[in-house]
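What follows is a set of structures for review.
There are two complexes below, and they share chain A, which is joined by chain B in the first and by chain C in the second.
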Partner chain A sequence: MKIGEHELKLIKRVDLPWWNAMIISIISVIVALILFSLVFVHSGVNPLTGFKEIFQFAFLNRNGLPLTINRSIFIFLCTCAFIIPYRAGLWNIGMAGQLYAGALGAFGVMYLFGAKGDPNLYIAPGIGIPLMMIGAMFAGGAIGGIAGFLRGRFNVNEIVTTMMLNSIGFWFISYMVKEGGPFMNPVGRSESFDLPLSVRAPLVFGTPFTIIVALLLAILLYWVFAKTRIGYKIKSYGLNPLAAKYSGINPQVIPVLVFVLGGMIAGLAAYHYFGAMPGVFKIARNYAEFGDLSFYGIICGLIAQGNPLAAIPVSLLFGGLTNGGRFAQGKLQMGFGVDYALLGVMMITMVVLQFFYRYKIVWIKPEKEISDVGIIR
Partner chain B sequence: MWELFVRSLDASIVLAIAALGELIGQRSGVLNVGIEGVMLFGATFGFIVAQTTGDYTTGFIAAIAIGAIIGLMHGVFSITLGVDQVVSGMGIWILGFGLTTYIGNPYTGPLGMARIDRIGGLSPFFYLALALIFLTWFVLNKTSLGLKIRSVGENPEVAEVSGVSVNRIRYLCVIVSGMLMGLAGGVYGLSYNPVWNYNFLMGWGFIALALVFFSMWNPFIMFGGAVLFGALWQLALSPEFILPGVMSRYLWRMVPFVITIVVLVLMSTRWFRTHWGAAKPEALGVPYKKEG
Partner chain C sequence: MPTENQTKEKTVLEARGITKRFPGCCANEQINFAIKQGEVHAILGENGAGKTTLMNILFGLYQPDEGELFFNGEKVDFKSPLDAIEKGIGMVHQKRKLVQAHSVIENIMLGHPNSGKILNFKRVKKEVSELCEQYGFKLDLDAKVWQLSEGQKQSVEIIKALYRGAKVLILDEPTSALSPPETRNLLDSIMSMVESGLAVVPFITHKLPIVLEISHHVTVLRNGRVTAKFATAGATEKSLAKSMVGREVIIKLDKVEVERGKPVLEVNNLSAYNEKDHLALSGVSFTIHEGEIFGIAGVSGNGQEELADVLAGLRKAASGTILLDGNDITHDSTLERWRKGVGYVPAERNEVGTICDYSLIENVAMNYYFEEEYVPRGIINYKSLRQLTESLIAEYNVATPGPDVKAKALSGGNLQKLILARVLSKKPRLIIVNLPTQGLDVGAIEFVQNKLLQAKKDKAAILLISGEIEEALSLSDWVAPIYEGKFMDIIPWTDAERDNVGAMMAGMKPKVESL
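Here is the complex of A and B:
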């Protein structure tokens, strides 16, 4: 394309420096937000007012900020659950199923302690809380491991498997907490029994202690990917499974490993929301909503491009956007699903801008030609 | 019992049409894992248009049209821009999931129109699906266009050299494929389950994707699979027909998904592959860039 003297050209990238990748990600977020403002226009709301409401509630409001942080921890953990398989070139869209399993695992531990129907039961928190987390990670990892094993051993498409496992998990958790299921709350309707008071998670500056777990996890994962042999193996499997095989990496083990790890972290996300959130402490009736929310992990993972440290600010942004979106939707009387619409718009923008991972636009300024008068060419 | 059979066939039709769309796309080498999204678009737009105009035909046209648009979009991303096809498909799924939730929400609830008349006791879409499946088989296997499509899916470089425009064929296929997926969504939202609710497809698109892998890219095997799955689905919805009182109804709902996984595993074993021969299009999922 030519604009005046200059020429606009698409050139195939040879490499993608990290700051370029970051710029692409930031641009895609901005483009998505601009597109998203159409939703406000559609509802007859000035987009600037809309965004102001969203950001004010999400990041500046005394009630909104803790909600944002809690959501962000959840989204961050889901992002990690997506990132680890993504590094190996595999798609984990089964965070929802792993989440449901994790919730059941955590509450299963308490069920074994006999906590159902006895909120005053004393369990030493130093034992009960770690056990719940282990239960959640074990169950989530097991469900994730199924998809990984089938992929590694039989080459079954992991997208289909994880999605099927989402549905299986959804109906299984429904069975467990509804209509007289084993975990049903003896007094409530369609939700699990309450956690005993003694094992409700301690708060750190008003947020569940899982925030520390999440931050440590980010650093740990970054280190694993950047410095360790296993991180390198995962990466090389992701780039070319066949080449990885010939260089001595077991192609059956890597998928299992990444999916078990991803599932464990998704299980941890379940523990965070259902076991450690102030005011919840049970498998709340709207568990399916958190299954939907876990899909933000896909988008955040793509925006962060598989980098666990970059995932922190991205999760914070999306935690804020979904939380503030809910609030704005109520305050400005917009239709339900504003946060879902954002999810969709964000994702598709991200896809389009993937193009720029491989190509770049350059301006070519033509050099002034020396006018060679008198010489006939 | 007849009623159960008809209902299960209704379910099969939706899956069969959607999977047929995916099959055509895959035969040309373009994988679309976002069937669920296209179907959600088709179902939602079909539903809204039919309810607003009070006319089924317009609703179905809307469903097919939006399907074609989304198919074209997938084509632009994956053929022209060369974006990873899985990434693009996932994008389409989540776009469909997110946008239809917002757009369709004011229409939550039943369609409120007279049900579509049955022909010979069966849904008219049954005959349509059969015709489409036969037509697809015929075009793919007996015409020169079909040969072009298959060659583009197997080896685009060779096809290009022998004078076939790879991109044109692929665009044609993804658009037709999107139209069929949109139609399948329309059949779901207007005939099978005419009660709009957000994400009311509940993973059917992914089941259709599994069906294509199951079918070994043969439309007739795919239809057989769809019929079996439809029966399974309907039984899981009303287990009292066969095994009254065994297991909670929630647990029954898990069964079709478990069986899908089990079947896919069986299909993927080396034993099965060597016995039946897998016909997976060689260039499936690989972006093609014309040289020069």
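Here is the complex of A and C:
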């Protein structure tokens, strides 16, 4: 494109420094917000008011912020469940199924303790809580491992198997908690029994302790991928399976490993929501909504480019927007689905602007000197 | 030599002052040359000399930063390959760009402007077979492309370009995947194309004899600039090599005599299947001793790749045994073989030998990630790996700004040096090298071959798989021509003759002299 004597040109990037990736992501958020203003205008709401409501509730409100954080932890864990297979070049679309399995694993442990129908049962929290977490991770990992095994051993496409396992998970959890199911709540309908008071998760500054687990996990994963042999093997397999095989990395083991790990973390997300969230402490009736929410792990993982540390702010943003969007929708009396629409627009802009991960725009001045244009260097 | 007659002929394609810069380097700087009708004008250069960039500019894949292209005296500005094709530029890439599952004729029609309208197979077939006849290509137009040999596939691409109306034919490393008889046929075809007024521009890194044989003019590139222009009649192999590399190059290697040691690799009746479940390797047996180079000469696709893969543990043996230093390793995993001293330099440098998005350090780690010394208790010691990489870069003259550069930034020759450095630094007992010098320039070939001879002196056993008879003969102690998964013979180098080996590579039975 020519502007006077100057020329704008698209050039393929050689590499992408992390701060550029960050700037591009921030720009795509801004573009999404601008585009989304149209929705507000269409509904007769001043966009500035609308966004003020969303962000104020999500990040500044005393009631809203804890909700945002809880939701973000959930999304973050789902993101990690996506990232680990993603680094091995594999797509985990099965967070929902692994999540349901994880929920059943955690509550299965309590069921074995005889917690069903006895909220006052005493189980030492130092034993009960870790066992629930292990149960959740075990069940999630087992479901994930099926997809990984089929991929590694028989080269069955993991996207297909994880999707199918989602469906199995969905109906299995329905069977377990709905009318007549073994985990059915004796009082309520279509949800599981309540956790005994003794094993309800401790809070740290008003947030479930799983926040610490999540933050440690981010650091641990980052370190594993940056510094360890196992991380190196996973990355090698992801970047070039043939070269990985050539250098002695077992191509049957890596898919199993990453899917078991991913499934375990999805199980942990289930524990966080159903076992540690204040006010829940059961497999709540709206579990399928959280199954759907787990899919945001995919988009967050892609935006974070598989980097577990970058996934923290991204999950926080998405957690906040779903939360604030739902609030603003009620307060401003808008139609259903403001939160989903906002996230949808954001996903599109983020994916579209990822174009600049691979290309950059440069100014060409008349004297043929090439100078990069500010941000999208 | 340009005769009176030729100089009068029209210049078809001319480049004036072509300059193309890439971040941090200048791939082409002020390149000028002109190609006339009915002329073969070879472009010669080492890897990284700027050949590929120039080729891509001529074909419209890149636009030059400076300079102009003229086609038949008219200034042209190729925005994409389509513009170039429409003007009459045909390109045959080194990597085949054909639809494997389609027939030859379908591939030729694909992308032709008339094929979208009415598919008149009959007419196209007639026209194409006339073209084939005119230029001496023997092709079954109804055969599926996957059934063809590499040479035949290349012919399909040439015919495709000609059928599209190419006036200038650019060939990228045209002889690199061909057997000697196929090369002969190609050269004959090029001659007849030239006679009918086409201009042919082969881009070549080595194979200087071929350059001398077929071209009228040679333009030599080095570091992105034209360093020499020859009328071929006045050039010799030595003078070409010198202007390519910038120094004298030893073209013939001296034989290195090493005392034969213990047997290292004993292969007994080994067979293997390929991806299509055909028996690609059927019952080969041989032994390699310490300090020996065992050369397998063959046109690619005759089972040598499968042999290398089976020995490296990347493919299962269908039958037979492999002994390394007397221990059976037939069922060992790839990793166990690396640990026991098998080193493998694969032919596919980019696809298998390296991970292009990894830095050089991480690429070196491909052979070291399982060593406690560099990865104590599972945690990678990047500091010591960096030191190792730096020392390998220095020892093997890998041209790179530093060890943190991604492997995809390296040229083919430097990548090969890096792989070789990484593998040889482990002092393997058995070194398998598949096409170690394919696509490399003269300087890098010399370097790689010397490193192999050095390893031989260090008492390694070396299995050299080569598509080039000269290389197999000049380096090996034993030469085994391979054809359709079987060794035609195993000959000591003293008895190996070029023509005889070449004939066996093409499937001829060994000559039995006395009986």
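In this text, the second predicted complex is superposed on the first by the 367 of 377 C-alpha atoms of A that agree within 3 Å, B and C clash if a C-alpha of one lies under 4 Å from a C-alpha of the other, contacts with A are read in each partner's own complex, and residues count from 1 in each chain.
Here is the rule we go by: a residue touches a chain if its C-beta (ideal position, glycine included) is under 8 Å from a C-beta of that chain, and two chains touch if they have at least 3 such contacts.
Here the structure is a predicted model, which means the values were calculated and not measured.
J.: Check whether A:171 is in contact with chain B, with chain C, with both or with neither, and answer first, second, both or neither.
T.: first
J.: In the overlay, work out which of chain B or chain C sits against more residues of chain A.
T.: Residues of chain A touched, chain B against chain C: more for B.
J.: Which partner does A:245 reach: the first (chain B), the second (chain C), both, or neither?
T.: After superposing on A, A:245 lies in contact with chain C but is clear of chain B.
J.: A:150 contacts which: chain B (first), chain C (second), both, neither?
T.: first
J.: Which holds for A:233: it touches chain B only (first), chain C only (second), both, or neither?
T.: Only chain C; A:233 stays clear of chain B.
J.: For A:15, decide between first (touching chain B), second (touching chain C), both and neither.
T.: A:15 contacts chain C only, not chain B.
J.: Of the partners chain B and chain C, which touch A:163 in the superposed model: first, second, both, neither?
T.: first
J.: Which partner chains sit in contact with A:117 here, chain B, chain C, both or neither? Use first/second/both/neither.
T.: In the superposed model, A:117 contacts neither chain B nor chain C.
J.: Looking at the complex, which residues from chain B come into contact with chain A?
T.: 33, 77, 81-84, 86-88, 90-92, 94-99, 101-103, 105-106, 198-199, 202-203, 206-207, 209-210, 213, 248, 250-251, 253-254, 257-258, 260-261, 264-265, 268-269
J.: Which of the residues in chain A come into contact with chain C in the complex?
T.: 14-15, 227-230, 232-233, 236, 239-240, 242-250, 368
J.: Within their complex, state which residues of chain A touch chain B.
T.: It is residues 39, 91, 93, 146, 150, 154-157, 159-161, 163-168, 171-172, 174-175, 178-179, 181, 292, 295, 298-299, 302, 335-338, 340-345, 347-348, 350-352, 354-355, 358 of chain A that touch chain B.
J.: Please output the residues of chain C touching chain A within their complex, sorted ascending.
T.: Residue list for chain C touching chain A: 23, 65-66, 312, 314, 333-335, 337-338, 344, 346, 348, 351-358, 362, 365-367, 369-370, 375, 378-380, 382, 406, 409.
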